[in-house]
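The following block contains the structure, expressed as structure tokens.
A, B, C and D label the chains in the order they appear, each numbered from 1.
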Amino acid sequence: MTVVGRTWERLTIPGKILAVVIPLGAVLTAGLAILIAVIGGAVVQFLVDNLPLVRFVVAATIVLLMTVPSAFLIIYMEMKVIALMNLRYGPDRVGPFGSALSVVHGLKVLMKEDFTPTGADVPVFTLAPVVVYMSSVMSLLVLPFAPGLFGQDFNIGLLYFFAMGGLTVVGLLMAGWSSFNKYSLLGGLRSAAQVISYEIPLTLSVVGVILLAGTMSLNQIVLGQAGNLFDWYIWRQPLAFVVFFIAVTAEANRTPFDLTEADSEIVAGFATEYSGMRFGFFFFAEYVNVFIASGLTVAVFLGGWNAPFNWPWPVAVGLDPGSLGIGLLLLLTLGPPLAIVVLGLPFYLLNSRIRFWQALIIGFGLFNVIAVAAVLGLAFLSFDWVVGLLWFMGKTYVFVFTFVWMRGTLPRVRIDQLMGFAWKWLLPAALLNLFVTAFAILVLNR
Amino acid sequence: MSLIPGLGIVRGMALTLRRFFQPKVTHLYPEVPAEISPKFRGRLQLLYDEHGTLKCETCFQCAQACPIECIDMGGVDTKGRFAVHWGASETYGERREESALRRAGRTVPDVAYEHWSPIDLSAVDAILHEADHDPRRLLEILGATQAAYGYLPVAALKRISFGTGAWYAMVYGTATYYHHLRFEPPARLAGADEPVAPTVESGRERVEADYLAALDQAIGPGSKRPAGRVN
Amino acid sequence: MALKPEPGAAGNLPAVIGEQRHLVEPIVVPNTLWQSSNPVAYNGGQASDITHLREFEASGAGRRDNARWAGPLEVIPTKADIVLDLIRANSLWPLLSGLACCAIEMMSAATSKNDMDRWGMFPFRASPRQADVLIVAGTCTTKMAGPLVRLWEQMPEPKWCVAMGDCTCSGGRYKRSYSTIQGIDRIMPVDVYVPGCPPRPEGLIYGMMKLQQLIKDRRGHWPERAIGPTVPEDL
Amino acid sequence: MTTRTPFDIPAHASTDDPRVTLDEQLGVFEPIPPYPPRTEREAEFYTLRDGEMFLNMGPQHPSTHGVLRVVLKIDGEKVVDLDPVLGYLHRGVEKLCENADYHQAICYTDPLEYISSLFCEWSPVMAFEKLLDVQVPRRAEYIRVLSGELNRIASHALFIGWFALDLGGLTPILWSFIERDEIVEMLAALTGQRMLFNYFRIGGVNGDLNHEFMSRLGTWMSKATHQINSNQALLNENEIFVRRARGLGVIDTATALQMCMTGPNLRATGVPFDIRRAHPYSIYPELDFDIPSRTEGDCLARYLLRMDEVKQSLRIIDQCLHRMPDGPVMAKLPRLIRPRPGRAYAAIEGPRGQYATYAISDGTDQPYRMRIHDPSFIHLQSVGLLTPGNLIADTMAIMASLDPIMGGVDK
């Protein structure tokens, strides 16, 4: 046995781990350093040269990650709002007011057995939920959330949006066809008929807005609505707004146009044979679609991130932390402990049952709340994208609530009524709106 | 439907929004127990008297009257088999301690009972062994028992019930149904003195006789005594 | 004296089943009292405790992905299953399937007065592929038995079954009928029995809460489900 | 000896079973029976023309109201033909009743139309009373009418909810279940059970009115009209609902009479036929109420007619409460009932129509034969007449508007 072998034998288990991990880490660090030294400059140069690409990758990642919490939020909202409209409480066990229940539902769906029926067309069956989900996520990419806060500013943004929305139907049709189930097939075909019919009034209804704004970029359309409440396009295009809202409801497969997954007719529509996370993708995509539909309505007709009125008292914060010098260091080190003690002291003095350390914990919590509020308030005042995001999200969730509210109220329409409504009413209305808008522009601009 | 299209939908949505803010009707069940009216028919319950003993006499009348056979009287037979007649014994399992057996209408393996039994039951045991404790051969067993004893003693019937796993009611019913089976010894019916069945004078009976003799001595013979068994 | 059962006799069951009963051990009730005159008519003359599902299980043909990690990785989900079972227990989507009377009370348990949504049991899925719990509510007839078993087999693991009402527990008031199944545990495994004719909605909610408890107690061992009824130890 | 288990039968094989190959499965998937057609109708139904396919709906389907199986022959979304398969809830009630004595038989008929159990008790009880020639005390009759009309309202409330649910509305069923739960809890205070009451006995009722029932009833009656009207406002004015239900599944008077339809489904076609007035029983002749009828005969008319009936039922309840006489609630009867040999027929007006029992006695304590006439079965037959030519979604709406209960259909 060699010397190395004997030494190895004597080592304890943590020692062995360290003896492996430390040299390995050293080698890897050195290799990484050499790699960065050799090609790092080139990589950085490449990234700097192709900044839009970096921006796109980062934005796509953020948007993809953003869909999950927003879907959870909307699912919770739907459960709770419909429950309250039904005169019941809805979820109240899991998490505060049942708010964790949507997350629990999502995780449970993730852990279910993933099942492929024997007769299914396996590749198509597997790809369908991915297509549906990705088309939702990709249409989210052009949605302007706030000034400077958007994935991409295409100059054909709206067109891209509708193209991606049209891609959803491909996924649904794939799911319906490949499931080897007649209910799925009916659901898939219903969704194809429905989405394709409603694409036309949907697209035509925003042409008026495009004429007014002179651009198809969503960002530019929102910028064109800057000002106060009455600069929004909803006042200039009320008919288009109504047509757009109805068509977008059908596009998102929401009640009263949720024929594709009509429980009482075709069992679960295109999703009948899907279980586990594949069903979860459909489930999430539906709610992401609700978010997108609301966000698009807000961006096109309701001013996007613009506040409905100008803030009459402009506040300018002229705080420059750098000017404090050494005082900043003192403030950072002494300020928090002092604040914690000061905030906790009243509890200690006024309630004899609270011990000092408990008062300190309360003070710590309060300090954190105040500090976070201060930072957020500072951000609110300093950066206009925070304000914009708040306005955008507020308006969007009003529309999400409206979708949920409609689901809680309305029965479902029939497929022939659905198609008749699209072709006999919505399409002429959209065309009428288009002609009136064009005529008005022609007259007024002369 | 109103004249203005869409007004009904708007009204309905206003109604749901009003309900959104109205007080809720949900009954918070596990925290607040349900208000169940006193007349509610819930689970069947056996009643106990003030001494803690069951008031049920296992007469089987309720089990027979119940149209849905939700009242069950079951038990476990001597061979350890589950004698399942009907009811919930499959789902709940069965207990075979003394009180459960008594409640089920089964004979209870009671040591004290052995002393009271004036009949030698080895003949019944042999018959049962021959018939493989099979309740489907009940008539055969009963016939053989009558052949051995001349009539059907109650103790033998109880032993047959215990051995075959058939209800005592079933055994008794079978015995009463057929005219050739009888419960009284033919000699007694004819007025003869001697009982035919072999009896064993048990220790307990002797004690009882002694006690009665002492009682006669104390209060005089022929005086009024409480009817029934002396404890 | 033949008062006590002879130990070790052929075909004997343990005299006191309560002692040896495991949590998931089935109670086998051999039919020793009655035999058909035509043995082929009743399951080929086999012992009656061999059910459809038990044979299926023994053949290994129905083994499916149990959604757990195999091999050395099995250590990880064993610990994680405690958390995962908490999640499973709080999200039980029942299948929208009612057979008879009890279905109304099942719906009543899901509606405003007794709100099953509070436990996360509300979205009644219409498709068995997305359901977690099969609440068998109502009399199961022999004609319905095939479709019901098929529904159960279409549900993906992990899945549970709640027998609601006397008819599904034991046959109930239609026990004597020629066309009913006397307890659905003869055709499929059952996790929780809710007796009553029909049980109150609170009864069903209590049963579902018991099911949540059962899921947590099993600690991720839900695939090792026995065929036949499972009875808690303390009963 | 070869063992033949149920699992080896291909018809029982699950599609999830890997042993089942695809070829076998394809046979399983089409709902074509494995035997050659037995009738001309069957041969015609199971022959597919170009562009048609079968859709097997049920026995477990969200909107078949239980366990009805309907094989639809569809051309796209249009239903060409339809073949209902019954018997998934056949429990052999009539045969069970023949093996039970007269008291026990009520218990078996109870869960037939399980959302209106009191009417399923009322008809056999009336038939047995005719056999025995018993005079029911007046107070018992009033209590029967009172509880029966309450049950009628509960049944109609469920109908509203189901009809709306089958048309895609989520909320109406939850609101109507609130009313139904109130009534059912009230009846539980009176009868002892929430659903399968088992309250009517031969010669009276089981138990007098009690304080809890009366107080619950008073509280409910004070707000019932307002609450029911408010709930209906969601559907009655809704354009989507009205457009879907109007003109759908129209059945004219002559056809309805030919199909032996009774109850609200017949009254919706313009025939004000109600057994409570046409062949009066119990104390209905003394009570003042109207028979609502409509002439359209479509799904909307059936729906609105039931709404009107709820209002009439409230009127009857009000009158019963005001005129409730004193006295016993049970007639004097022997413990063991042995009617004289004979036959009796008793029909009542249930929430779905004529619910009737025909009982034959042979002098023993068990009925020799019991035949139950159930309106659900009669009305379900007209689905085959109404649906062809409509869409799949309309099939559900028509079926829901006829309001069949599978317990009563299959017995």
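Keep in mind that, in the parts below, contacts are C-beta pairs under 8 Å (C-beta built on N, C-alpha and C of every residue); 3 or more make two chains touch, one makes a residue touch a chain.
Predicted model only: the values in this text are computed from it and were never measured.
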Message: If you apply the touch rule, which chains end up adjacent to both subunit B and subunit C?
response: A, D
Field: By mean Cα position, the chain sitting nearest the middle
entry: C
Query: Higher C-beta contact count, C-D or A-C?
result: C-D
- line: Cα centre of subunit C to Cα centre of subunit D, whole Å, reads 30
Statement: Distance between the CA centroids of subunit B and subunit D (whole Å) is 40
- request: Starting from the mean Cα coordinates of subunit A and subunit B, work out the distance between those two points in Å.
  value: 68
- prompt: Residues of subunit B that touch two or more other chains: which are they?
  reply: 9, 12, 15-16, 19, 24-26, 67-68
Query: At which residue positions does subunit A touch at least two other chains?
result: 85-89, 115, 263, 267, 408-410
Field: Sites on subunit D at which at least two other chains make contact
entry: 15-16, 18, 61-62, 107-108, 171, 174-175, 178, 193, 234-235, 238, 240
Query: Classify the inter-chain contact topology: is it line, ring, star, complete, or other?
result: complete
Task: Would you tell me which residues of subunit D are touching subunit A in their complex?
output: 15-16, 18, 20, 22, 25-26, 29, 53, 55-56, 61-63, 77, 164-171, 174-175, 178, 234-235, 238, 240-241, 243-244, 391-394, 396
Residue ranges of subunit A in contact with subunit D within the complex: 82, 85-88, 115, 117-119, 182-183, 186, 190, 255-256, 258-259, 262-267, 407-417
Query: subunit C touches which residues of subunit B in the complex?
result: 24-27, 29-30, 34, 36, 67-70, 76, 78-84, 86-88, 90-93, 95-96, 109, 125, 128-129, 135-136, 162-163, 165
Task: Please give the residue numbers of subunit C that touch subunit D in the complex, ascending.
output: 40, 43-46, 52, 55-56, 61-62, 64, 96-101, 103-105, 107-108, 111-114, 126, 138-139, 141, 143-144, 146-151, 153-154, 173-174, 176-180, 197-198, 200
Query: Any idea which subunit B residues touch subunit D in the complex?
result: 1-2, 5-9, 11-12, 15-16, 19, 25, 37-41, 65, 67-68
